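Heads up, the thing below is written out as structure tokens.
By letter and in written order, the chains are A, B, C, D and E; residue numbering begins at 1 in each of them.
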Amino acid sequence: MALGSLDPVTTARVVLILALLAGALFFTFVSMVGVIRLPDVYARAHTASQADTLGAGFGLAAVALTLGWQGASVKTAILLFFIFVTNPTAAHAVARAAFEDGNVPWTEGDERR
Amino acid sequence: MSDTPGAGSDVDDAAAGSGDASDAPDVSDRPPIEPTYSGHDDRPHLSQIQRQQTPYTESQVIMSTVKVVAPFALTFGLFVTFHGADSPGGGFQGGAIAAAVVLMIAFAFGIDATREWFTNVVVVGLAVGGVLVFGGIGLVGLVDGGTFLEYARLPIPHPVKYGMEGVEILGIAPIVAGVLVGLFFLLAAGFDDRDGAGTETEIADATTDDATTEDDR
Amino acid sequence: MAPVANGRVVVPIEDTATLRATVAHVAAAAADGDVSAIHFVYLASWRDDDPRIDDRRTTAQDLLADAADWARYDLEDADVSENGIEIETALIAEDVYLFGPRQYAERLHTYADEHGIGTVVLDPEYTPVGNTTLLQPMEFELASTPLSVREAPVDRPSRRERLVSEITGPRFATVFGGSLAFYLVLGDPTYPFDLVTGVATALVVAISLSQVSLDHDPTLRESPLRLVRGLIYVPSLLLEILKSNVVVARVILSPSLPIDPTMTRMRVLVGSGLPVTTLANSITLTPGTLTVRARDADLYVHTLIPWAREGLFDGGLERWTRFVFYGREAARLPTPRERDDCAVLQGPDADEPMPFAATDGGPELDTHHESDEDRAPDTAAEAAPTAPGHHEDGDRR
Amino acid sequence: MSATVTAIEAALFVFVIATAVVTALARDVLSSIIVFGAYSLGMAALYTFYRAPDVALTEAAISAGVTTVLLLLTIAKTSRMNHEAVFERVDPTAALAVGGLCVVLLATVTQMPTVGDPTAPVYANPDVTGYYLENTYADTGVGNTVMAVLASYRGFDTFGEAVVVFGAGIATMLVLHREVFS
Amino acid sequence: MSIADLAIAGGYTVGDVLLVGAAGFVVLALGMLYRAVVGPTMQDRVLAVNVLGTNTVVILALLGAALDEPTFLDIAIVYALLNFLMAIAVSKFTVERGGVL
């Protein structure tokens, strides 16, 4: 059966799932590009904590939408909460460790590391 | 790291709470310190060894996050333990998660504070108690004239199901949690908590009688 | 009690189980003639201009009065006339949020200097709010001042008693309720097995973690309000994250990579503990800015692009955090730029040097023309400390 | 599940093998441990994909949380050497020996049944697996067969394992000769 | 019938699409692995593994939705919690300060 033959609510839901999945992949892709491309650990921590968190948010939203109204969907909300609380803290911990280790942040004109 | 033993023990005393500051000769010698908003660097500097002995605490951001996350994580660990019967999980996994919570707290608050909170009695009690409960549940069947771990003879409703739950929850989970936390504490104590830390002789000392180190102090 | 430097002592107090015994100990020392002046001080964990702190101030003042009264009773009981002995109380540090043991120690030291005091007597249970179970750093920080420190030789109540005293409090109820709610959300609230095990779980969690997770008792009026205001905050934060993520994604994906990373410092006006964590994590979550250090009230923020830096200095997130924790009227404050509370630490227009030395006693590092190749990252922290150099010319607010 | 390898399986295999090789070859022990954490992430996803959530949960709880930390503590308390090179220099003889062993072991893989194959011995033997799968709920009243096997059918075995875990803890304490719990 | 079994186009179901999405996440994870391997600093490696952990959480959740096994979310929650432990533990150890605990 094709997508068009479904009732509008389900169609909208499927489209939304696909859109969220695409968003998740896009932002995780941005995160990956950033982690590989950016010049030093602080700059990498930016994308690692932010683009990736947003990507995870989109991905989990797609999962919640797929599961629909059942007990398990609550777990995606819990997951989202944990990720939004722990991810920035983890990035902060890493950046702080780098700072305590004496890494000077890269600035314009420095050699790429 | 060459350091005079005297300077090392000074910090040690202060940290240990005996705090008889009149013994510390260098306190009055220090230049008066102008209190600053965050004057970390104009304090008399600490050698590497001394710094190791200072209770190092994590940044308050990490501390607060651990404070928020820890109750949820422990609840989830116990949830996994309790729900081993009908969904993935069980005593082993739940016990490991609970132990991980203790580890998390140890990283945020420092090992000393954690050991003060999660005392030795609790650690050893969990491990030993778990084994005893597991064996005890097994022996009930034997006492009743059956075989070892014959849950059907337990004097409770749904004996088989709740017998298994009991073994998972009161037996395996505490053993795993207790042993993992115990191992963590053991490793964290390491070789270097004695004076002069970490040299070969110290490791040799650590394996000989403890009485010698009592004299050193 | 061993002779005290000049007979004048300061006792920082807090509502602890051993406070009474500590006061008795100091009074006994005074009765023996070792101590001629006793100053009880309460270090405020709030700021003067916080809304609705009158209750806490009153509580603190009552506690101070109690401590002074106890000391006088003890002196009377020992048949010592109190005339020769000076008993003072003070509520200090109301002008600033205190962060961590170092600032507590510094405040105590300032007070001691002003009143010619040479000794600090610590209640063994004294734990400055925000640093649960961490007396040792406080003692260590005090040890690096010229003050001599001693701990009142009071029997600590055993662990069990301490836990029991925690169990009665609202903290226990809060953690218990939170844990039970979380458990029932995970499980099935209509299934009796889940109810029973949920209560058991919540009991275990509350007994073990209520004293770890909460610094002070949640109040019935303020805490739910904060929760509601937090829920208002979440959507606006999400929108902010989404918006800046798109901007940063464009920067990262553009072939020329037009980034301008700079370390900045911003002094924020939020309390220690959860408020500053919320702010730091919000800053980190918003793309383009990353909290690298949260040292007391100073947040060291790494910014990726100038656009994010401007947004940071506008202080929108700081205002939101103040709204969540202190209410609507507290959110009206000048931006960090107007307050002159922000600084750029790198680049041609750097205002301040990078605070490496302040963090690990390492060598002073110049910020931007430091060649990175000749300094392996691992050895920087171990290098010998140099002479005391710069410190923040912080106006202590 | 067909016998062909799906996209996600292939990607996970590549990931797991890559992390395993890096873990083995990394010069610095600390980076080995960090990459080993990534390896456990891939393994957990793989277990999950093959519908072994119990194993995946164990992998997650033990490997991500506890093993990493215990290994870290061990190297922190002993000594860690810093090296310029990222990778270990490979000794050709040793590589040949290990490679040969791998080939021998991999040769047996072709003889293994595919995942979910109904003719695999583990399913085909009705006396053991079939019995567990069919009668667990009637016998014990629990839905998770893995747990029923562990705690009930093979309860004595599990008791032995629990005692082994306990004994291992005590033995470590004795070996380290630290009176931490005095 | 769960929405994961819903065929949308060319005989592929929503579950299939989610599985392909999960595979895409694994491929992205392979990219991050580059950073975990080459470093150059330890913090880079920790950071990369932390990102990998977040990715794994999403992969597990997607697998749970695609295969219609909601219990997989439990594993994802464990990872979300313990990934954080790993990040703070390792980052603390990468600071060459000794006596980290």
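In the analysis below, a residue touches a chain if its C-beta (ideal position, glycine included) is under 8 Å from a C-beta of that chain, and two chains touch if they have at least 3 such contacts.
These numbers come from a predicted model, not from an experiment.
Trainee: Quick check on the contact network: minimum steps from chain C to chain D?
Mentor: Shortest path length, in steps: 2.
Trainee: Which chains does chain A share as contact partners with chain D?
Mentor: Joint contacts, listed by label: B, E.
Trainee: Which chain is the middle one, judged by CA centres?
Mentor: B
Trainee: Write down the chain pair with more C-beta contact pairs when B-D is set against B-E.
Mentor: Answer to which pair has more contacts is B-D.
Trainee: Can you check how far apart chain A and chain E are, centre to centre, with Cα atoms defining each centre and the answer in Å?
Mentor: Centres of chain A and chain E (C-alpha means) sit 10 Å apart.
Trainee: In whole angstrom, what separates the CA-based centres of chain D and chain E?
Mentor: Spacing between the chain centres: roughly 18 Å.
Trainee: Just curious, how far off is chain C from chain B if you go by their C-alpha centres, in Å?
Mentor: 24
Trainee: What is the distance in Å between the mean C-alpha positions of chain A and chain C?
Mentor: That gives a centre separation of 31 Å.
Trainee: Would you give the residues of chain E that are in contact with at least 2 other chains, written as numbers and ranges?
Mentor: In chain E, residues 41, 46, 48, 55, 64, 71, 74-75, 77-78, 81-85, 88-89, 92, 94-98, 100-101 touch at least two other chains, as defined above.
Trainee: In chain B, what residues contact two or more other chains?
Mentor: 48, 51, 58-59, 61-62, 65, 68-69, 72, 76, 80, 87-89, 93, 97, 100, 103, 110, 188, 192
Trainee: Which residue numbers or ranges of chain A touch two or more of the other chains?
Mentor: Answer for chain A, listing residues that touch two or more other chains: 45, 53, 71, 75, 78, 82, 85-87, 89, 91-93, 95-96, 98, 100-101, 103, 113.
Trainee: If you look only at chain B, which of its residues touch chain C in the complex?
Mentor: 10-11, 14-15, 17-22, 24, 27-28, 30, 32-33, 35-46, 48, 51, 54-55, 57, 59-61, 64-65, 67-68, 70-72, 74-76, 78-79, 82-83, 105, 109-110, 112-113, 116-119
Trainee: Okay, in this complex, where on chain A does chain B touch?
Mentor: 82, 85-86, 89, 92-93, 96
Trainee: If we count contacts the way the header does, which residues on chain E are in touch with chain D in the complex?
Mentor: Contacts found on chain E: 19-20, 22-23, 26-27, 29-30, 33, 36-39, 42, 45-46, 48-49, 52-53, 55-56, 59-60, 63-64, 67, 69, 71-72, 74-75, 78-79, 82-83, 85-86, 89-90, 93-94, 98, 100-101.
Trainee: With touch defined as at the start, can you tell me which chain D residues reach chain B in the complex?
Mentor: Against chain B, chain D makes touches at 53-54, 56-58, 60-62, 65-66, 69-70, 73-74, 76-77, 139-144, 146-148, 150-152, 155-156, 158-159, 162-163, 165-166, 168-169, 172-173, 176-182.
Trainee: If you look only at chain C, which of its residues touch chain A in the complex?
Mentor: Counting only chain C, the residues touching chain A are 182, 185-186, 188, 241-242, 245, 248-249, 252-253, 257, 259-263, 277, 280-282, 284-294, 300, 302, 304, 346-347, 354, 356, 359-360, 362, 365, 367-368, 370, 372-373, 375, 377-378, 380-381.
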